[in-house]
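In the two assemblies presented below, chain A is common to both, partnered first by chain B and then by chain C.
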Partner chain A sequence: MANYIQKRIITGILIIVVSIVLNFTLIKLSPGDPIRVLSGQDSPSPQMQAELTAKYGLDQSVFMQFINYVGNLAKGDLGVSILSNQPVLKMIMERIGPTLLLALTTAIIALIIGTALGIYCARYRGSRFDNIVSGSSYIFDSMPNFWLGMMLIMIFSSSLGWLPTSGMVDLRTNYTGFNYYLDVFKHWLLPATTIVLVTVPYYFRIARSSIIQVMSEDFITTLRATGMSESRIFNKYVFKNAILPTITVFGINLAYIVTGVAIVEIVFSWPGMGSFMLDAIHRRDYPLLMGIYLLLSISVAIMMIIVDVIYAYLDPRILYKER
Partner chain B sequence: MGGGETDNCVIEVNNVKKYYIRKTRKTTKRWSLINKEKVKSVDGVSFTMNEGEILGVVGESGCGKSTLGKVLVNLESLSEGSVNIRGLNSNLSLKNNQLAFRKKVQIIFQNPFDTFDPRYTIEKILLNVMKLHDVGSNTDERRMKCIEILENAGLTPAKDILKRYPYELSGGQLQRISIVRSMLLKPDFLVADEPVSMLDVSVRADIMNMLKQVCKIQKTAMVFISHDLAATRYIADRIAVMYLGRIIEIGSTEEIIQNPQHPYTKALISNSMDLDEDIQNKSIIYLKGEPPTPVNAGPGCFFEPRCPISRASCSMQYPDVRAVSNHHEVYCPYGTDELDN
Partner chain C sequence: MSQPITEQALPQTPKEKNVLQRIYTIINQNNQLKIGSILLLFLVLIGVFAPLLALYSPTALGDGLLVPPSAEHWLGTDKLGRDLYSMILYGTRTSLMVGFVSAIISGIIGTIIGAYAGFYGGKVERLLTEINNIFLMMPTFFLILLVAALFGNSLIIVMVIIGLTGWASNARLMRAQALSIRERTFIKSSIAIGEKKSFIIFKHIIPNGIFPIIASTTMNISGAILIESSLSFIGLGDPNIISWGQIVFDGRSYMTSGWWVSTFSGFMIVITVLSFYLIGDGLNKVINPKLK
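Now for the complex of A and B:
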């Protein structure tokens, strides 16, 4: 097992290294002139151009720029945003909290609801409840999340006026303590509902189909033939075997946690990474973009390691194949 | 049939039927209607078996052999008829005490690779079964017993095998463990559903010897389901030939092989290459066509459309049983002598 984890970690580090190189190269290759954006002019004077180029190290060779970038990374310095002139790390840290709040809570809620529904529907396959849930899972799965978000705003905010339309806190008030959390909760409710509604179908369908598949495996029949009770077979054997695909999907979901909810964040003006990243792309804020991408690739790599380890724990065959 | 009258009768199968409901879609000009039809997988099977007796059930794919096996051990509920084990109705015993019933009645499956949960070691698998049925008083005692029975089954080194996962073992080893697992409960009745068909030819004989031996020692009645006539002949005391959910001929093994009365049995034997040479010398009988659907096999003999000696009366009514000798019964009124010419 230790050997296996070690291997996973080395792979993870390799992924991060490769993604740093790729990030850097892709952004250098992308069209657009940062100097023009920086100066705020269509044709800045040659002197201004030279100054800016020197200031951001753009006069050096691409290779040297890369060396500098990696060197700064090693020091924990992700660079300074071109637009706001603030350290990238600090900017990301300010924005990541709300995103994690929204993405983590919804991921866990969707996982629980989806898996529970999947288990229930698999046990009572073909029942009316199963038909209704399975049918609506396709409807919600095919709904674009921004559209669903807008519909929810129209119904619950514009028409009924129950919930706020956007943001994370009401800027006109100054709540403290419990009232503050209540306010955040009210703002959280609509975007969270949107995300949960579109992600539950994934978990639902995966749980349902893998349970149905495991139930039809021969070894379940063998267990039945040994006289074990149905509920024990289900809890001890079916569930453990059927939960593997769900864990995979949950891991993949978590890996994209920082950017996965970006569109919903934009729809609801949630002060998270979503709109922030979009801005960085529009304005060619290279240091900021590279910082965000680096964060993304690190989170993907870490989630992959964690999922692989959980997987190996649950299914010993994986360790066996590695040998 | 058999020796059902004596005290050592283990299982009594009375007119067992298993129907499945299949939904089909019937499309008319405007509507698509859902049509329910009965698939008669097992359609009235009766026999009895004594202690330690081995009954071979042979037939082509889809004739209901495996379904019969599952119905006999109550993994599938039967639609009609009854199965009595040691004089007790198996449906009732299952309802009264599931564990006690399952202990008495065991099944071995075709594919040894899928028989075990891939996430447990062999030790865990065997210990779980023993614990469930209170074999042995504590874990150490159970483990000792595991090692003993594995070694008896030729699985050495047993200590090493106990620590393995199912996917680390070969098909032959797994099938042995499968047999060990069912026989350690000392069942009265065992169904072996094509236990050797997934294995290499080289280990088949070993597995069959092992099955035969444990059944004789523990006096377990076994139904050996197979499509391999030569293997069945080797292991079985009696053979039942199934066609489309019904037994068409049943009798002692040598009777069936040497003196088959049903044209279908005769065709099966003539196509089986591994049997004696004197049987082989006779010409091979080729059957044309497919068996009729088990949904609506028709009022007459099910084999009539393919039968080389069918007569007009065959399609009118299903033939009655005809006793050839003491323990040999056939569902065909005509002899098969004319097939030899």
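Now for the complex of A and C:
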């Protein structure tokens, strides 16, 4: 076990290292000189040029520049945003709340709905219900999430006028207490529905196929031969074994949660990382974009280690496979 | 999936049948494959015959701005008066090209890396597998976004970068294939008679283990099309070409006054992605009947 954890941690660290190297290489390779990238302007002032040159050691060798870059990162300095002249890390921390609210709630709802549907459809495989759900899972899987979001806006906001089109709260009102939460909920409903609809097929398919796979294994046949009732086999043996892959996938998805909802956030102008990213792209705030990318890679690496370790604890067979 | 999936796993068809007939037999056994192939055929025809089917030039600016669907403009016009029906026809070419080119790049890289890792074993394998794991876990969409933002958004850069970041799943599949194929007798005899390792890899390992890669590459085509349309949607698409994602993006400002702009172009993305998903999934089931 210790050996396994060690291995996963090494992979995690490597992911972070590769992301840092990639980030650095991108700055070096991008057209124009690095000062243009780091300042986000085509003709930065001489003073700004001098500052950036000193900070990143741009007059030194490539290797020293890299050391310098890593040194800055190690101090928690992801660079300074061009837009607001604030440290990137601080800006990200300010904007991550709404994203996590949207991403975590929808991930959990999608996990529950997808798994429940998957289990039901696997038990009644080939039924009309299974065919309908399986068929629509392909369609929702093929939908660009931004398009689905726009369609929902057109139907429920523009035409029917039931729900607000954008934002997280109504800025014209000043709700407090219960009304405030109700307002947030109304704004949350459409983006959340969009994300849930495109994520459910994912969990559905994994749950369905892993249940079907476990059901076809020899030990289930043996249990059937002992005369144990079908529902008892299912509840006691199939469910426990089949639910593991779903949980793992859920864990891995949690790591990508921020990128997963970014585009939907943009469609609904949800004030999270997505809209923030879009601003950064349009205003060519490269340090901010790179800071987001690095932070994402680091969180993915950490999540991956946690998920793998939990998985190995739940299913010790994985330790033997790795050897 | 410990068993190697090779051509033998495919249903045997009589030898005298030609390639087209064999493809037809394979497609015919699975509903997903059937529906997916019909959709794809339809899309390819649209792409190829776009100039004949189009009523207007897709870039011609008309007088009627945001005209709803009518006899004159079947799917309406956009904010510049361009005919949406004609634009969507030409957009088929972009989506199919992005899908195929990026998936083929990632297919080739993945196959070669996976085959070398699985066949050589030892240090080479450990190194390549480690690189593979890193690429599997990296948040690639954001990396693609970053490159498109930094290097400019030409379609070629987008295709290449999607290809370069998407090979990891293919490599993992190919490695598993190579690991089991190299234990088979015909490979051992090739080694014994002194054939070169790279010759064995390209002549025996890859041709015998390629089927799962084909299925997964088909799925990657869907992924690439979705990534390209998402990039276009956040304004990082190539401004010089017609892309469905870009039409959806343009329509975002006219959701109340021009619902048709985004609706139809997005619908085409759904159809295209769906057709490749169905084909990929169908192929997987044909190769590996256990999945049924």
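Keep in mind that, in the parts below, the second predicted complex is superposed on the first by the 277 of 323 C-alpha atoms of A that agree within 3 Å, B and C clash if a C-alpha of one lies under 4 Å from a C-alpha of the other, contacts with A are read in each partner's own complex, and residues count from 1 in each chain.
We adopt the following convention: contacts are C-beta pairs under 8 Å (C-beta built on N, C-alpha and C of every residue); 3 or more make two chains touch, one makes a residue touch a chain.
Predicted model, so just to flag it, every value in this text is computed and none were measured.
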| task | Put chain B and chain C onto chain A via the superposition and say whether they clash or fit. | result | fit
| chain B versus chain C as contact partner of A:Glu94, first or second or both or neither | neither
| query | So, A:Thr221: does it touch chain B (first), chain C (second), both, or neither? | reply | first
| query | More residues of chain A in touch with chain C or with chain B? | reply | C
| Between chain B (first) and chain C (second), which, if any, makes contact with A:Ile263: first, second, both or neither? | second
| task | Scan A:Met290 for contacts with chain B and chain C and give back first, second, both or neither. | result | second
| message | Which partner chains sit in contact with A:Asp279 here, chain B, chain C, both or neither? Use first/second/both/neither. | response | neither
| said: Just checking: does A:Ser142 make contact with chain B only, chain C only, both, or neither of them? Give me first, second, both or neither. | reply: second
| task | Go through the superposed model and pick first if A:Tyr237 touches only chain B, second if only chain C, both, or neither. | result | first
| said: Quick check for you: in the superposed arrangement, does A:Ser30 touch first (chain B), second (chain C), both or neither? | reply: second
| note | Superposed, chain B and chain C have a smallest C-alpha gap in Å of 10
| Which parts of chain A are in contact with chain B and also with chain C? | none
| chain A to chain B touching residues, read off their complex | 217-219, 221-229, 237, 240-241, 314-317, 320
| note | Per the touch rule, the chain C residues reaching chain A in their complex are 130, 133-134, 137-139, 141-143, 145-147, 149-152, 222, 226, 229-230, 233-236, 245, 248, 251-252, 255-256, 259, 262-263, 266, 269-271, 273-274, 277-278, 281, 290-291
| query | Which residues of chain B touch chain A in the complex? | reply | 73, 75, 98-99, 101-103, 106-107, 109, 111, 114-119, 129, 132-133, 165, 167-168, 181
| Residues of chain A defined as touching chain C within the complex | 11, 14-15, 18-19, 22, 26, 30-31, 37, 138-139, 141-144, 146-147, 150-151, 153-154, 158, 209, 216, 256, 259, 263, 266-267, 277-278, 281-282, 284, 286, 289-290, 292-293, 296-297, 300-301, 304
